[in-house]
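Here chain A shows up in two complexes: once beside chain B, once beside chain C.
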Partner chain A sequence: MSSKRLAYPIFRIVMLTVVVMTLVIPFAWMVLSSFKSNLAITDPKQLLSFSPTLANYETVFGVADFLPFLINSLVIGLASTLVSLVIGVPAAWVMARYQMTKSSTGVLVARIIPTISLLIPWYYIFAQTGLAGTYTSLILAHMFVSLPLIVWIMLGFFEQLPIDLEESAQVDGLTPIGAFWRITLRLSTPGLATAGILSFIFSWNNFMFALILSSAQTRTLPIALYNFISYASIDWGGLMAASVTITLPVCVFALIFQRYVVAGLTAGSMKG
Partner chain B sequence: MTPLHPPAATTSRLSAFANKHRKYVLAGPATFFIACMLIIPLGFTVYLSMTGASGSVSRNADFIGLANYLEVLTSNDRFWPAVGRTFAFTAVVLAVEMLAGLGVALLLWRTFRGDSIIRVIILLPLVATPVAVGMMWMLIFHPTIGAANEILSWIGVSAQGWLSDPRQALPTLMFIDIWQWTPMVALILLAGLRSISDEPLEAAAVDGANSFQRLIHVILPTLAPTLITALLLRAIDALKTFDIIYATKGKGGGSYHEAETLNILAYSYSFDYQYYGKASAVLVLFLIIILAICAVLIIMRKGRKA
Partner chain C sequence: MKLKNTMTAVAALALLLPVAACSPSAPKDGAESQTLNVALPTHAWTNAIKESIPEFEKASGIKVALTTFGEDQLSDQYNVKLNTKSKDFDVMMFRPPQDGKLFVQNGWLAPVDDYLKKADAGYKWDDFLPATVDSVTVDGSVYGAPLITEQEVLYYNKKLLAEANVKVPTTMEELEAAAAKLTDRDKGQFGFLSRGQLSASVTQFSSFLYSFGADFDNGKKATLDTPEAKKAYEFYGRMLNQYAPPGTTEMNWIQAMPIFAQGKVAFYTDVSSLSPNLDDPSTSTVVNDWGVAPFPAGPAGSHPYNISAWALGINAFSESKDAAWKFMEWATGPDMSLKLQQKGQSLARASLYSSAEGTKGFRDDMIAAIKTSTAPGVAVGHDRPLVVKVSEAREIIGKPIVTGIDGGDVAGAIEEAQTKYQQFLDEETKA
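And now, the complex of A and B:
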C-alpha cells in the first residue's frame, strides 16, 4: 500500500479522535467534579487524583430536595408526549394522505416562532382561568413544542409508508379510519418511537416555559438547577452533581434509543 | 389476517360520520390546539405591542398606537445592540457549525470499524440539557478555578475572563453553542451524504478529478438542499438561543448587557421589568426578522430543487 493511500485513514483517525475528545472531555470534567469536594475542585493539583465523595449528591437529593422536581419533569414530559401523540399522529396521517399542505405549513410556523412572544398571553390566560402554576398549564405549554415536532416527524414517516396495504384493507371491508388504526399504526412503531422519544427529550430539557409558568409545586429540573446559582457563592460540587442528575438520564435514554433519536433529528431534512 | 369485528349498531353511525369527515375529525384536535395556543396569543401580543401595558397583565392598558415601536426602534442603548449581537451570534455559529459539521460528516461518510460508537458519542451534546451544558462550561471557563485557564497557564498564556469578561462573554457563548450543535449539523449532513449515489463520484474519478475537485463539483452541489435545510434548522434555533445565555449570564445578558440578544431583551422587558407593551413590540419585530430569514432560506431551497 502506498503512503498516499495510508495518509487519509491516519488523518481520519487523528481528526475523529480530536472531535471525540472535544465532545467527551467537558462531560468527563462535569462528572469528575461532581464527585469532588469544593476544596478539590479549586485545587489544580487534585485534577485527577482526589478522594471521591458522594457529598454533592447528598446535597442535591437532601438539602436541595431534587426528587420532587425530577418527578415533575417526568410527569410533564410523559403527559405532554402522550397527549401530543394521541392528537398529533392521526392529524399527521390525514395531512400525509390528503396532501393538506396548508396545515403542515402551520406546523412549521409553530416551530419557527419565538415562544417568548406567546408566553405573556399564555401567562395571562392561565392566570385568568386559574391554571397558573398547575401541571395542566405546563403540559399545554410543552405540547406546543411536542405536537408540531410529532406531526412533523410522523408526516414524513406516513408519506414514505406504502399506501397499498391501507387500500387493500379497505377492499376487505375496513373503513379508512379502521385501516389506519389496524394496519398503518401497527406498521408505524419506529416512527412512533422516534416521535415520542424526541418529544420527551425536548420536554425534559425545556427551560423557558417552567421558568415563567411553574410554581414551587410544579417546578421542573432545569429550573431547580438554575436556582442553584442564585445564591451568593456557588456550590460548584453541588451544581455539577445537579447537572449530572439532569443530563445522565437523558443521555442514557438517547444512547439506548440512538437509532430513533438520529432519525428524529434528521427527519424532514431529506424530503421536500 | 385478524378477524374483523362488526361494529355495534350504536357506534356504527358515529363511525360512518367520523370516516366521512375524517379530514376534520382527525386533524381537528391538533389544529384547534395550535390555533388556540398560537393564533389567539399572537394576536394578543400584537395588540399589547400597541398599548402601554405594564406592571400587571390584567390591568387595562391605554391604546398608544405605534409609540412602542417608535421607542424601541430609536433605542440605541438596548434594542439595536441586541439586534447586532443576535446577528453576530447567529452568523458566527452558523458559519462554524456548517463548516465543522460538513468536516465531521465527511470523516464519518465511509463506514469503518467502530464508526457506530463515534456516532453515539456525537449524540451526547445535543441531547444534554442546555442549562446543564451552560453550568458545565461555566465551571470550565471560571476565571480562577476553571480548567480552561489552567490549560492556558501550561502554555504560558495569562488567565482570561471568559464568560465574566464583557468583551469575551459573547464569543465564549458562541463557542458553547458551536460545541453543542455542530454534531446536529454533522448528523443531518451525514444522512445526506449517505444518500448520494456512487455513480457520479466514480465517473468524476474516472475523469481524473481529485478528492477536492469531487467535493466541490459533485458532492456539494448534490448536497445543496440538505445543506440549506441544516442551515435553516440551525438558524431558527440560533436566532432564538436563550437557555445557555440566560443560565450563564442571568438577567439582561450581564451587567453591561454584553450578551443580550433579542430573545434575552424581550424576556427582560417582559418578566424583569413587566413592560409588556414594549416587550411585545420587540417580539413582533423579532418575529418579522425570523420569518424573513426563514422565507429567504426556504426560497433558496426551492430554487436549488427546481
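And now, the complex of A and C:
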C-alpha cells in the first residue's frame, strides 16, 4: 500500500527535476559564464567556484556599444507588433464573424512558405525602392510573419467568444463595428496579449531578416551578437554577457504579461 | 461619429508608422561616386587596418564606408545580395578556398588582370607566395589579392614533453609514439588532439593526407581509396581514437583549442592563425609553455597546406572598380603589408618572412615553422577539395574520419566515401 502511495510523488519529483533541469541548465550556464573570465569558462573545475567579474558586461556596453542595437530591436519589434495588431485584429474578427475560410487559408499560406526563400526577392525589391537597410524594410519583413501569427491566434479567440454578446449590443443600438470596438475587443485582452507578446518575441529574436535587410544603422541585437565571434577567436564571456542582455528584457516582458498569456492560451478550453 | 473618428485616426496611424519610422536610414546608392563600400569579416586584420584607413582617404580623396560581419554572415550577405546584382559593396574580402570557385562561376568577382598589368612596379605582384596566388586564380585569370596565409602546424606543450622526457617529433611515427607515452587518462592528460567534427576535420586532415602521399582527387577522379589515402585515414582516426580526449567527433577548433590552452594535451595539430589565443593570458594557461613545430613528415615527407584563407576582390557589379582597385593596391601593397605583419598578421608576401622587420612580431619557432612549411615543394595550395560545392564534398570526405575516431570499419567507410565522392565529382564536372 504505502509503496504504491509513494510511487506517484517520487515519479512526480523525478520528472519535474528532469524537465526543469533540461530547461534551466543551459540558461544557468549562460548566466554564470557571463560573470567568468574566458579561461574560467573552458575549465570544468571552475564550473561553480570562480571569482566573478563584471568585465564582460563592461565590454557589452562599452567597447561593443550595445545600446544602439537595443534601441533598433525595440523600435522594430514594437512597430511591427503594433502595426500588425492594428491590421490583424480587425481582419481576424471579420474572418471569424463572416466565416471567410478562403481568406484565412490565404493568410496561413504566408506562414507555410519558408521565409528564407523570400529573402532574395525582398532584398531586390527593397534595394530597387531605396528602402534596403531602413527600419521600414525590417518592419515590413517582420510583419510578414507576425501578421499571420496574430490573425490566427485572434481568429480562434473570436470564434470562442459568444456571438450573443455582440448581437445584444446591436439590439441596444450599436453598429457591428461599434460592437466589435466596445464589446469584443474589451473581452479579448488575453488574446491580444498572447498575440502581441509572441509577435514581439519573434521579432526580437529574428536573425535571418535582419542579417540581410539591416544596415549598419539599423542592425539588431541578434546580428550584433556575432561581433563577439571573430575569425580564429571567440570571446565567450562577452558573448554570454550579450546573450543575457538580450534575454533579460524578453524575460521581464514575458513575466509581466504572463497571466494574460496563460489566460489567452487556455481561454478556448475553459469555455467549450 | 466619435467611433468613426477613432477608427480613422487608427487607420491613419497605421499607414504613417512605417513611413515615419524610416527617417534615420542612410541611402547608400551611388549618389556620391567617391564613396567606396568595403565589406570585411570580423577578423584581426580588419581591426588592424581600420586605424590606417583615414590615411588612405586623405591621400586618395575617396571616402571608405566599412561594413563588418561574422565570417559565415559575410558569406550569406554575398550569396543573397550578389544574386540580385547588388552594388552594396565595391571591395569584398572573401575566402578563396571556400567561396572562390563558386563566386567566379557565378560571375560575382571581377578579374583584376588588367589592373595588375597597369599596377605600379612598386606593388611587386611576384612577391606573393605562389601557393596563395594559385588560390585566387581560376582558369588563368586572377580574381583578387591574397591577404592572410595559413599553414597547418604542430603545437606542443613544452612542460608535458619535458616531464616525460619526450623530444619534439618530426615524423608521424615519432608523433604516435610520443602521443602514446604522454596519454594518461587517469590524470586527464592526453597525447594528441585535432579536429574531429565531420566537416571541420577535413581541412586539418588534408595535411596528413598529403604527407602520406595522397590527395582528395586528381581533378576528375576521386582518390580517397588509394593505399596512401587509406593509411592516412587510418592514422588520423587511430590517433584521435586512442590518444585524444573524449568527444572529438564534435570538435572544431572552437572546442579543441581551449583544451590545449588548458594544458591538458601534449600535441595539437591545427592552423597557425590560432596562436594568438594561446598567447593571451585571458584564454590560455599555457602562455609560457606552448611551442610550435613544422608539420611532422609522413611516408611522403612533410606536406602541410599553405592557403590564402582570405583575399580582397572586386564586386563584378561595382560601378567604382577603379577606386576599388586603388584601395586593394594600397591595402595589399608592400608598405601596408609590412605594417600589418608587424601587428601580428601572417600575410601572403614572401619577403615578409625573410626580413627582420617582417618577422618582428613573431616568435622564433613560429617563423621557423612557417618558413619550413611554405618552402617550394613542401606546401600544398589547398586544404579542402577544389570544387564549387565545398560543404557537400567535405561531408562526404569527413565520414571515414569520424568512423575511424569512433573505432568503426574505416575500410568500409572509405569505400562508400570514394563512390559518393566520385558521383559528386561527375556531377560537378558535368554542370
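Just so we're on the same page, the second predicted complex is superposed on the first by the 255 of 272 C-alpha atoms of A that agree within 3 Å, B and C clash if a C-alpha of one lies under 4 Å from a C-alpha of the other, contacts with A are read in each partner's own complex, and residues count from 1 in each chain.
Here, contacts are C-beta pairs under 8 Å (C-beta built on N, C-alpha and C of every residue); 3 or more make two chains touch, one makes a residue touch a chain.
Everything quoted here is computed from the prediction, not taken from an experiment.
Student: With both structures lined up on chain A, is it a clash or a fit for chain B and chain C?
Tutor: Aligned through their shared chain, the two binders clash on chain A.
Student: Report the partner of chain A that touches more of its residues: chain B or chain C.
Tutor: B
Student: Should A:I177 be classified as contacting the first partner (chain B), the second (chain C), both, or neither?
Tutor: both
Student: Now for A:I87: first (chain B), second (chain C), both, or neither, which partner does it touch?
Tutor: Touch status of A:I87: both partners.
Student: Regarding the shared-chain residue A:L32, is it in contact with chain B (first), chain C (second), both, or neither?
Tutor: neither
Student: Give one of first, second, both or neither to describe whether A:Y123 is in contact with chain B, with chain C, with both, or with none.
Tutor: In the superposed model, A:Y123 contacts both chain B and chain C.
Student: Now for A:C251: first (chain B), second (chain C), both, or neither, which partner does it touch?
Tutor: A:C251 sits against chain B, while chain C stays out of touch.
Student: Determine, under the contact definition given at the top, whether A:Y226 touches first (chain B), second (chain C), both, or neither.
Tutor: A:Y226 contacts both chain B and chain C.
Student: State whether A:L140 touches chain B only (first), chain C only (second), both chains, or neither.
Tutor: both
Student: In the overlaid three-chain picture, which partner chain does A:T42 touch, first (chain B) or second (chain C), both, or neither?
Tutor: It touches chain B and chain C both.
Student: Looking at the overlay, does A:T218 come into contact with chain B only (first), chain C only (second), both, or neither?
Tutor: second
Student: So which positions on chain A get touched by both chain B and chain C?
Tutor: Touching chain B and chain C on chain A: residues 42, 87, 119-120, 123-124, 127, 140, 175, 177-178, 211-212, 226, 229.
Student: Please name which positions on chain C make contact with chain A in the complex.
Tutor: Those in contact with chain A are residues 3, 6-7, 10-11, 13-14, 17-19, 21-22, 24-29, 41-44, 67-71, 73, 76-77, 80-81, 83-84, 86, 88, 253-254, 258-259, 261-262, 271, 273-274, 276-277, 281-285, 309-310.
Student: Which residues, counting only chain A, touch chain C once they are in their complex?
Tutor: It is residues 37-39, 42-43, 75, 79, 82-83, 86-87, 119-120, 123-124, 127, 130-136, 139-140, 175, 177-178, 181, 211-212, 215-218, 223, 226-227, 229-234 of chain A that touch chain C.
Student: Where on chain A is chain B touching in the complex?
Tutor: Against chain B, the touching part of chain A is residues 9, 12, 15-16, 19-20, 22-24, 26-27, 29-30, 33, 41-42, 44, 47, 87-88, 90-91, 93-95, 98, 100, 103, 106-107, 109-125, 127-128, 140, 143-144, 147-148, 151, 172-178, 182, 201, 204-205, 207-208, 211-212, 221-222, 225-226, 228-229, 236, 239-240, 242-244, 246-247, 250-251, 253-255, 258, 261-262, 265-266, 268-270, 272.
Student: Where on chain B does chain A make contact in their complex?
Tutor: Residues 1-2, 4, 15-16, 18-19, 22-23, 26-31, 33-34, 37-38, 40-42, 44-45, 48, 57-58, 103-104, 107-108, 112, 118-133, 135-140, 142, 144-145, 147, 150, 179, 183-184, 187-188, 191-192, 195, 226, 229-230, 233, 236, 239-240, 242-243, 246-247, 263, 266-267, 270-271, 276, 279-280, 283-284, 286-287, 290-291, 294, 305.
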